[in-house]
Amino acid sequence: MVLHHATWPEVEAYLRRSRGIVIPLGSTEQHGPTGLIGTDSITAETIAREAGALADALVGPTLTLGPAQFNLGFPGTVCLRPTTMIQVLLDYVQSLARGGFRKFYLLNGHGGNLAPAWCAIQELHADRSLGRSGSESLDFRLRSWWDLPEVNALRQQLYGVGEGMHATPSEIAITQHVLPAQHRPDTLPAPPGLSPAFLKFHAGDNHLDADAHRAQFPDGRVGSHSGLAQPAHGQALLQAAAQAAARDYAAFLAGDPA
Amino acid sequence: MVLHHATWPEVEAYLRRSRGIVIPLGSTEQHGPTGLIGTDSITAETIAREAGALADALVGPTLTLGPAQFNLGFPGTVCLRPTTMIQVLLDYVQSLARGGFRKFYLLNGHGGNLAPAWCAIQELHADRSLGRSGSESLDFRLRSWWDLPEVNALRQQLYGVGEGMHATPSEIAITQHVLPAQHRPDTLPAPPGLSPAFLKFHAGDNHLDADAHRAQFPDGRVGSHSGLAQPAHGQALLQAAAQAAARDYAAFLAGDPA
Amino acid sequence: MVLHHATWPEVEAYLRRSRGIVIPLGSTEQHGPTGLIGTDSITAETIAREAGALADALVGPTLTLGPAQFNLGFPGTVCLRPTTMIQVLLDYVQSLARGGFRKFYLLNGHGGNLAPAWCAIQELHADRSLGRSGSESLDFRLRSWWDLPEVNALRQQLYGVGEGMHATPSEIAITQHVLPAQHRPDTLPAPPGLSPAFLKFHAGDNHLDADAHRAQFPDGRVGSHSGLAQPAHGQALLQAAAQAAARDYAAFLAGDPA
Amino acid sequence: MVLHHATWPEVEAYLRRSRGIVIPLGSTEQHGPTGLIGTDSITAETIAREAGALADALVGPTLTLGPAQFNLGFPGTVCLRPTTMIQVLLDYVQSLARGGFRKFYLLNGHGGNLAPAWCAIQELHADRSLGRSGSESLDFRLRSWWDLPEVNALRQQLYGVGEGMHATPSEIAITQHVLPAQHRPDTLPAPPGLSPAFLKFHAGDNHLDADAHRAQFPDGRVGSHSGLAQPAHGQALLQAAAQAAARDYAAFLAGDPA
Amino acid sequence: MVLHHATWPEVEAYLRRSRGIVIPLGSTEQHGPTGLIGTDSITAETIAREAGALADALVGPTLTLGPAQFNLGFPGTVCLRPTTMIQVLLDYVQSLARGGFRKFYLLNGHGGNLAPAWCAIQELHADRSLGRSGSESLDFRLRSWWDLPEVNALRQQLYGVGEGMHATPSEIAITQHVLPAQHRPDTLPAPPGLSPAFLKFHAGDNHLDADAHRAQFPDGRVGSHSGLAQPAHGQALLQAAAQAAARDYAAFLAGDPA
Amino acid sequence: MVLHHATWPEVEAYLRRSRGIVIPLGSTEQHGPTGLIGTDSITAETIAREAGALADALVGPTLTLGPAQFNLGFPGTVCLRPTTMIQVLLDYVQSLARGGFRKFYLLNGHGGNLAPAWCAIQELHADRSLGRSGSESLDFRLRSWWDLPEVNALRQQLYGVGEGMHATPSEIAITQHVLPAQHRPDTLPAPPGLSPAFLKFHAGDNHLDADAHRAQFPDGRVGSHSGLAQPAHGQALLQAAAQAAARDYAAFLAGDPA
């Protein structure tokens, strides 16, 4: 059930059977010469909705803006300050907690969202730990779709080192499948490869400022061979992600450790 | 052109012919027993995209959350603090200004967004007036779609006093047209009518706190006879709104007074 | 009763018969070549005190600073950030609510205060809606003195199109009556007229940044023929405003819709 | 010259001969059973205006709200959070600095304003020290009127130990002189005396929370024998304060050490 | 060189040969029944100072407070809000950047610091990307000492699964070596083991609120068999960490990828 | 007992006999050509720990950063914004109040900390006064070590006018005693003397911006003849300060007026 497509009596009825909700986290930023600026939002939202359908979970509206200052050298990028994103998440969660929600599953599509989302979760817990919130304990699971083991295996199998870090063929393939009319041809050569150390350290999009980042990655791709993407891959990745996320969400509701 | 469906080189090309962008402002809140919780976001986004197509305007991602504390007594409502929304708009506009945008047309779908949006505009101007921004002068036009004269005439003609203030038949009709699968039957009687003084004073959704508001408006409708909505009305309203907004945007770019 | 001229036992006694208070909202900004920089504060404070005398209402201290960044190109203007004004109003109201006040009538003298005042009201309600305030429901009425119907009729009758938008003859006339020693002669010609669309759109002082605003309105008047002001007009306007505000306040206390 | 009673061309002319301004800092809080709630604002404003007349100094609008949480147990008290007051002062000073002011003389009437005012001054300097302000160096002098040596001598001579700390006969005497119609008779006995250690430590109104403070000082006076106040004292204190502040301001403009 | 033990002319001389600095990040929170509350600060500071000596690096003062709301159920724990820590890091870095520092190596001793530190780094970059900082590009490396490969290998070798997540024998061993007088005997049994999924998901101390956390981990240890710690292990761990961090820092200065 | 060297069960036991804690406030800033950048932190921490040992008081971690913008012209100085320091103190105190602490003795080593510390104390009280904190009344004593009467007498006796204001021989002597390895020889001539008016007005480090401050005090000393410092003086000053602070703390716990 998609919250935007529901009525309040339907949400009231849902709350009698579940206290959980899925919240997709996206971004609005360049994804290389052929990837869509909305890639992170489109993938997170689509996976969340398909997973929600599988798991009978309510799916809230996608946060389409996230921290992306490193991409501000490419026009069309929009960047929330991390502190702004933290405040947005506080308001989002506190509103739903007021209505009775207790378990928040954040389905993430943008590495740069991870740090502020973790901060927001700790701020929300701190409110209660310091006696400033009247609500019961809240619970959170934050999961990037590419980190779900089944998805991770599939994208490595499909693209190997070409997957890279930003404007990845896997995320672009999903948008090709979801929005076929927006499929740009891509004959770009593979960009320079990234070392495992780089990949590990920059997980979470811990990049430099906008001028330095564009100088380092002139076409916006960070080690990703976007031209490998194909709509059929996208369909498979979407299916794998939705199923894995639905299982992960069910385990979260059941109280299983992450 | 929809920003989420564009690539950065396409935005770069767009900026060579225009410095303008349309930003839809929505909300996530109850719209009565049969209206969708996403009504304000769906209407603003749809009108903005159709207007953008008519006016060759880039359309940014919709802000789907806005201040709506008065509706927190109805589950499913999400409320941004006004100060949070102000900060989100600062980040959104400053990011685009960095890339070269100068003229921001805010197409609004939720009365409660007006006050924080005006505040954000003045904060952005204040930055420059106090010498804290290196950017050129920015320009803004904030317009609620129902205030466009052609739309206002049409909704009065279709619904008269039944239009009311919240969960209006006009906004619901648009969602019926855009999302026919989400059309809920509605045989609710007309709610109590509102005085012109009430309508004037509460413009901008200046309502009471959540408990008081639900006590005052028990099913969530504020004077609106939602059952009058029909998909064909929605089509006509959407067309009128898109054409009027496209003209208004063109006049804004041309420097005509609002 | 003026709060600054009262003692705490007198306020304690007042609270046994009323939970209401009038708070004047002013500004400190240029008002054309002959209007006083304190015009908005002087008018709001004077009207509030006379209305308070008529309605047996306590009148709090005037907020003499408001958002006015567009006037920063004219020296002597002071501008609060909208977010600062929101915070000031939160502190002001929460302090009084702690003491037992429940009904806050904001008598406004500056268009630029409207958006932040509405935001502050919604923030205050949100506190209670989200369970973060132990106080009872609060109630607010925000009224610009020139919008009171009797005043609006009178100023149109006196000045017609010459009333304009900023440095209006009606506000200047009130200051001439209240502070005769500060009456500057004014033989300025009428400024260029403003379209109804301009007047509607810029209500609430939604102007450009300081450099652009001074370029657009070089002497600071926005469509207002300040030279039409006369002290006798001011006396009549003040009387009309005080009586109308007193009635409006009484209706507010009585729970009548605005 | 009083800023509220000036026009912008007059301020422009003033700036050609001086870069200085006097800003009165007041408060809105109980002052014992017979002292006015506006005492701190009335005294600071009156002294500032008389000093301004003597020194040809522009006098800005009084900040009538300050931190006063300890007095919230007495109704009618209004308290700004210290962080709110800091932000108000930043906006006030940055606005005037934009117009060309460089030397800010803060004439203080409330001990609780001292700490936030010092913080604001350091925040303003920090902006420049960290390269975030385009303005020239600013300069500040913060002076409580009772600390001016001539005033301090006079109030000790008039009241000795009866002067105390809050609702002092000296501040009440000034209000009696300035607002004779608001003179309440006062036959209260002297309150318990305060030790020199208490007076030194609690300078700056470093008191406890509101419940504890009212329990400690049940009628609101802090060691002050308010009944000693007489209007003639007020006249003498006002004259001494205005002359001393005018000299102090002139020395400040001349660059003499404080 | 330790900043606190240096003079400003010595720092000025240092800046002529290096633009780098090491900043230790600690915490103040319970570390089980026998671990010291300052464990995270003591380990980070000691390793940073030894690494600094090896690498001729300046070492700034340790941030001894970090986000630790989950441990507030154990007295003695102090928790910074994540947003507070972000602001502290902004001030810390901007101050040093003003003086000429460009390369900031954050040596971390507390998992809960990672998310706010990443946010702070992105906020600092965003300042420059949005044209709000006059400084040159800054560069950051954030490294938890236990993640340095040599340290990670050693602690796995010493303790295996007993290392756990909080109040780890490795961190306690270092404090035993550094502060032998503070060595508490520990005969606690091993706590329940943690699944690899738990370890991965809760990396960065993404724990529940304080009540829930203490219920889950009643003595404060999170899967760590603290009793395995020995001072000699601590010496070896410290040496390994200092050498690895010194090499990592040198590579950072040299521009090598992380 | 030093909090960093304690375990949580030890703190739990301590709380059964005392609700008090000592918190040292330091700074990180230049102290002239021969004084250590950590002087204020080293002195506050050492005195606090010795006083804590005498008074059986728990001593929390030192805040090593404070507002010091005026010293940013000397490299190595780190400056917290006053508003940042206020927030840090709120978090620090609220965390400890959650665990049961009620009496907070702030042992200060840096004049610039006084204003923000007073603000933080009033903010903490305001929380309770406005009904936003569930905790009991808190109590604070803020004391700069040099203001303790015995210390003040000793430093005047030792150095007279040479004590000055910043980089004082007394603070440097303490660091010479505590850290003999860091003792720099100092043959600097006495700096220009300061007037009593300067000393009084600039108490609390109310200095100008960084450029102006360095121009005024080119080697960083503010009227202090640092070369008079001797380690034996430091030992005597430390002993006097620790004994006086221990007595002052005991009086604070006993409820004696400051």
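For clarity, chains are labelled A, B, C, D, E and F in written order, and residue numbers in each chain start from 1.
Basically, contacts are C-beta pairs under 8 Å (C-beta built on N, C-alpha and C of every residue); 3 or more make two chains touch, one makes a residue touch a chain.
Remember, it's a predicted structure, so these values are computed and weren't measured experimentally.
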Report task. Indicate the lowest number of steps between chain C and chain E, counting one step per move to a touching chain. Result -> 2
Query raised in the report: Can you give the whole-Å distance between the Cα centres of chain D and chain F?
Result: 28
Query raised in the report: Roughly how many whole angstrom separate the Cα centroids of chain A and chain C?
Result: 46
Query raised in the report: Distance from the CA centroid of chain E to that of chain F, rounded to the nearest Å?
Result: 26
Report task. Can you tell me which residues of chain B touch two or more of the remaining chains? Result -> 72, 79, 81, 95, 98, 129-130, 132, 210
Requested in this report: Let me know each pair of chains that touch one another.
Outcome: A-B, A-C, A-E, A-F, B-C, B-D, B-E, C-D, C-F, D-E, D-F, E-F
Query - Of all residues in chain D, those that touch chain B in their complex - result: 94-95, 98, 132-135
Report summary line: Per the touch rule above, chain B residues touching chain D in the complex are 129-132
Query - Contacting residues of chain F [partner chain E, same complex] - result: 2-12, 15, 28, 30-38, 41-42, 60-62, 64-65, 72, 74-81, 84, 87-88, 90-92, 95-96, 98-100, 179, 182, 184, 210, 220
Report task. Show which residues of chain E lie in contact with chain A when the two form their complex. Result -> 67, 69-70, 72-73, 79, 81-83, 86, 112, 114-116, 118-123, 125-126, 128-130, 137-139, 141-142, 195, 197-198, 200-202, 204, 206-212, 257-258
